[in-house]
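After this come two complexes, each holding chain A, first together with chain B and then together with chain C.
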Partner chain A sequence: MNALITLSVLAILVLYLGLYKAKNALLPVTLLGLGAALVLSILEWNSGAAPIYSGMMLFDNFAVAFTSICIVSTMLILLISKDYFEHISEHVAEYYTIILFALIGILIMVSFHNLSMLFIGIEIMSVSLYILAGIRKHDFKSNEAALKYFLMGAFSTGFLLLGITFLYGASASFDLSTIKEYVISNPRGISPLFYSGVTLMIIGLSFKIGAAPFHFWTPDVYEGSPTLITAFMSTVVKTASFAAFLRLFMVCFAPLHDFWMPSLLVISVLTLFIGNVTALYQHSFKRMLAFSSISHAGYMLFAIVALGPLSGNSVFVYATAYSIASIIAFAVLILVKRQTGSDNFESFNGLARKNPFIAFTLTVTMLSLAGIPLTAGFIGKFMMFSTALSEYHIIMVILAAVNAVIGIFYYLKVIVAMYFKSAERNEVQSSPYFNFVLGFSALITIIIGVYPGFISNFF
Partner chain B sequence: MENITQAIQGVPLNHYILLCTIIFSIGVIGVLIRRNAIVIFMSVELMLNAVNLLLTAFSVQHNDPSGQVFVFFIMALAAAEVAVGLAIIVMIFRNTNSTDVNILNKLKW
Partner chain C sequence: MEILLVQIFIPLIAALIILASGKTFVRGIAGAFSLVSLLITVYLYLNFTPDATTQFLVDLAWIPQFGIHFKAGVDGISMVLLVLTNLLIPIIVLSSFKQDVKDQQAFYALIFFMQSGLLIVFTALDAFLFYVGWEVALIPVYFICALWGGENRIKANLKFFIYTIAGSLLMLIAIIYLHLQTPGNSYDISEFYKLELDSVTQGWIFWAFFLAFAIKMPVFPFHTWQPDTYTEAPTAGTMLLAGIMLKMGIYGVIRWLIPIAPLGFQAWGETALILSVIGVIYASIIAFTQNDIKRLIAYSSIAHVGLISAGIFAWNVQGLQGAMIQMLNHGINVVGIFFIADIIIRRMNTRDLSLMGGIAKPAPMLAIAFLLVLLGTVALPLTNGFVGEFLLLMGIYNYNIWFAAIAGLTIILGAVYMLRMYQKVMFGQVNTNTSVFTDLDGTEKSVLLIISVLIIFIGVYPQPILNISEAAVINLLEQVNQKILVK
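The block that comes next holds the complex of A and B.
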């Protein structure tokens, strides 16, 4: 668990760097520290994990995989944060620190082995994000996003906590393995408290992952927050929430599959339809990405509905593909918005003529999000659908395929705007950092799409 | 004092569950129908406190201290949320001179 300690020390170190006005050192130090944490967490791969810290956390392969993808995504997002926070305020170090604190919460969330750690991890992450959503203090949209996120987050925490309490009341423990034993040893006599606990946990966690009908805060918060923070929320945070969701259900609630499966099935299909159909009507690229992230949550829920040994891997592949693609989309959005001041689809008109490289990477991204073959998104969707089919959820897969077709419409809107609509515009100013992130992410997207073998059978 | 402790221990667990569920529901309804950000915030705190009470009751019933330790975690979290949440509400009040959530309608399609 050295990665967790490294990150905690790093966050405080960065805060001190800000105190001593070492502004130029902030980004390199943060990236170096994240790199060290990444190496340390990968070193624990296959190290025969046993619960550590008195059974509080378990750093198994599942946790290592999700920690690594979260750290890599954070590094990519921080690379495009060069010169971003400086526009917002003088105090840049705090932003890096708060992002690192959120990442610490995420590490705890993906490796919890005790419900108290699940709660603490989610809260460390959420409280940091409430602050990050509101860092544009004088921008009214950012204020509104912060307040909505805060009220909805605190509200959902209440449900999560009541769920945990009911589980505790029934099983007399917060430890995942004890709860699992409780479920297995009383197949007939599980107390009704336990069932209400499971339902409340589903509600609380659905709020956190933004699944319908608990998604209403997502578009507003994603649109109002600064774009870079939106990128962080819709990639790293979503991945981590799914990892926590999956871990809880895989370890504890798997024997009760028949009880919670129907409600999750309804949630998943509703999420897909609401996300995709509403995304069709958006004029703002950022808001479209928010709705598309809702619909991707629906696809990822498939792995939990059809819970099996392959679920962890398919969520991992899907989350990787989705995170990498979203980072490109948000990076291009930042560049375009910096030039045109607007995030509507019109501001992408004619981008391909002036910036062929940026337009190409954004095209790869959109194809990947839509799930076109030879991109990572296709492999992710393929694994999700095959997991669902292996559990005979045929109607669900048909509905999801319909949604994938709807998705292609709105993703292609951007490509059409870039390549086929002409507009008077100047070249978008990019920096080497942006070019690196765009090129690297596009490369990964294509590599996973062409050779899925090296990522698709991890666990 | 002895009598009071015994009287408290005589209360069946179901009553605690019922009481906490009622308090929790009052909190949920408060969040859903009130329009003042501060009152919504107070309703959230009510939800958290209902959970605290229930955790303590379960902890005594199972004779297991970890439930009460969890209560401390929830209190610490509630304190952190107050710090961040009130800061956000103050920030909004400075910009709009109001804490009514109905004015938060800039973000609509």
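The block that comes next holds the complex of A and C.
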């Protein structure tokens, strides 16, 4: 759990750096600190974790894996933030600090062992995100995003709290193992209060992961927030929310599978269709990514619907593939938007001719998001389908396949624009940081796609 | 050293080298590597014992925790397709030398990348590997067609891509489902063969696989992507699609579909056979009305593939052997005929048959080569097409005489539309466009010479090809028939 402490110290350190105007030190220090936290968390791999801090948290392999991927994604995002925040405001240190605070919340979310810690983690993360969404304070859209996000977030927190209260009312504990005991030892006599609690938790968490029909805030918030913050929200935050969702259901509610499965099944299919079909009609690349991120939430929900031994791994691989791909997509978007001032598909026209490397990485990304073999996205989808089929959700998987086909339409749009449409344009200016992030992420995408063995057998 | 691994991955290495190389040597490197692949195939062929066993087996753990292996091997059926692929790729590469292709490195790299995918498909003995190869072959050809294609290429290719992906996703679901049914959770094809599922489930499995394969071939009514894509694709793309890629579908039916779901085949095989026969007649009639030379050939290809597919679903030795040899023949002929069509189109700047005529006069050599390829296509005795179509029709005849009678019309109809095309292009009035038509140049001559020799050679002496696959085909037939008869 040293990673958590390191991050907290780091966040405060970065604030002080900002106070003393050490602007150039911000990025290196943050990255170094994150690197240290990453190493510290990986060191706890297989250390036979037991609940710590009076049973509040459990830093098991599940937590280590998700912590690591969240830290790595954050590092990649921060690498492309060079010069980005400076364009938006004077107070750069605050960005780093708030992102780090959000990450602290995320660490708590993926390693909670007590419902109160789940709540605290989600709140630490959410409050940071409300600020980040609205950080361009003179921009109308950014304000709208922050307000919408805050209202919806507060709303969902209400559900979550009420759910936790009900669960407490039924089982007389916040502790995950005690709740699990309660569920197992009273197969017949589980109180209706508990069932209501489970339902409210589903609603609250669905808000957080942006699953339909609780997804309405996502497109506007994603569009209004600064692009890097959108990247952070749709990768790290989404991964963490799924980890929390999965942890809660895997540990506590698994025996009640028959009760909550139908509603989650409906949610996941709805999410798939709404996300994909709406993404089809978008003209803005950024909005398309927002809706496609909704549909990816639908795929990831499969692992929870078909809860089983494979679920943790499936979500982990899928979230990794999706996060890395999204980071490339958002990075390229930032570059293109910086040049053309627009985030429509047209602004990608003819990119392959001038920037073959960038176009290639974005192609790998799009193929990965579309789930084409030899990319990480395919392995993710493949594992999701396997997980769902192993529980015989055949119809659901066929619907998912239909959605995968719909997805190809809009992912190909980008490839078509880059390679097959010509436009007068200049070379997009990139920086070594960007090139590193793009190359690294594309490489990881292909490596996971070709040889997933090293990542897909964690827990 | 595992020679099969070399065979599969040489093209991939070629692709990488070509990407890294300079512009000047691209053609030389591409030609050399395509010949290396061919030589390895010749080596495999010479060391191949034509019995029912799987040879040159490669089995490496790939993703062991899911039971996924890189397992590939060559039996008689695969051998024919290896020959097909590695014979046609050099011809396709050679035929593109004279063409003015932008970004040559990317062009040849994509061809070789695709070749690797194809070789994986034709040798895979692991369902996951098969699926990966299946998709990996698709991406490069999509880019080839969309980057170097005609005006409507984007739309046509989107349709093509979506169709094939939709089909293959269903296949993926079926594969995962079968995997979960195997006792040791394996993707090994022999484990799939051993499964004893009930007939309803097998019916579903049959359709899931059949859709994927039927779209690829294409079988009526899943063919609607094909004419547009063939027409808009660059010639090399069309050759790859028609010459090699559609054989993935046919191969899939023989290797995967029928042996895995024999009861599904028993229930639905006749439906598939009828669809194939309908496709033969339907495509022939449409081909007759076409005035666009490429579309005409595209429809004729649907007709010929329909016959092959009908022969397979008849499920007897003649039909299967006919399908095996006809796959090779169709590949050679269709590549030849698209090459000739491309020569004509490039010199005339039109695909419209009504604007052509009298080319035989200024270009006698082209006329002879064209005639030869044409005769192979319409299955004249002593050409390669005859051997294949004769066996196929015999197979269908053994299944049902009426189907054979209807499918047999293809020979007549094929002759009608092909000769009509030949007449319109080669004979008739010489117009201002065609009078300045130049005859074949060096590269074109050599490509057509190779193709002509192959057409005649296989037509006169098909035994070497038939020998390769016979034992494997008979063995497969027995395996499946046992299962069907037991129930």
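Convention: the second predicted complex is superposed on the first by the 459 of 459 C-alpha atoms of A that agree within 3 Å, B and C clash if a C-alpha of one lies under 4 Å from a C-alpha of the other, contacts with A are read in each partner's own complex, and residues count from 1 in each chain.
The rule is short, and it goes like this: a contact is a pair of C-beta atoms (placed from the backbone, for glycine too) under 8 Å apart; a residue touches a chain by one contact, two chains touch by 3 or more.
Here the structure is a predicted model, which is why all the values come from computation and not from measurement.
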Superposition on chain A - do chain B and chain C clash or fit: fit
Contacts of A:V397 with chain B and chain C, given as first, second, both or neither: second
Which superposed partner A:I408 touches (first chain B, second chain C, both, neither): second
Partner chain in contact with A:I447 - chain B first, chain C second, else both or neither: neither
Inter-chain angle, chain B to chain C through the CA centre of chain A, in degrees rounded to a multiple of 10: 140
Chain B versus chain C as contact partner of A:F385, first or second or both or neither: second
First (chain B), second (chain C), both or neither touched by A:G134: first
Which partner, chain B or chain C, touches more chain A residues: B
Touched partner set for A:A22, first chain B, second chain C, both or neither: neither
Minimum C-alpha spacing, chains overlaid - chain B and chain C, in Å: 25
Touching both chain B and chain C, residues of chain A: none
Residues on chain C engaged by chain A in the complex (per definition of touch): 62-66, 131-132, 135-136, 139, 143, 146-147, 153-154, 158, 161-162, 165-166, 169-170, 172-173, 176-177, 179-180
Residue ranges of chain A in contact with chain B within the complex: 116, 119-120, 123, 127, 130-131, 134, 137-138, 140-141, 143-148, 150-151, 154-155, 157-158, 161-162, 164-165, 168-169, 172-174, 193, 219-220, 223-224, 281-284, 287
Chain A-facing residues of chain B, complex: 17, 24, 27-28, 31, 37, 40-41, 44, 47-48, 50-51, 54-55, 58, 61-62, 64, 66-67, 69-70, 73-74, 77, 80-81, 84-85, 88-89, 91-92, 95-96, 101, 104, 106-109
Touch list for chain A against partner chain C, complex: 367, 372-374, 378, 382, 385-386, 389-390, 394, 397-398, 401, 404-405, 408-409, 412, 416, 419-420, 451-453, 456-457
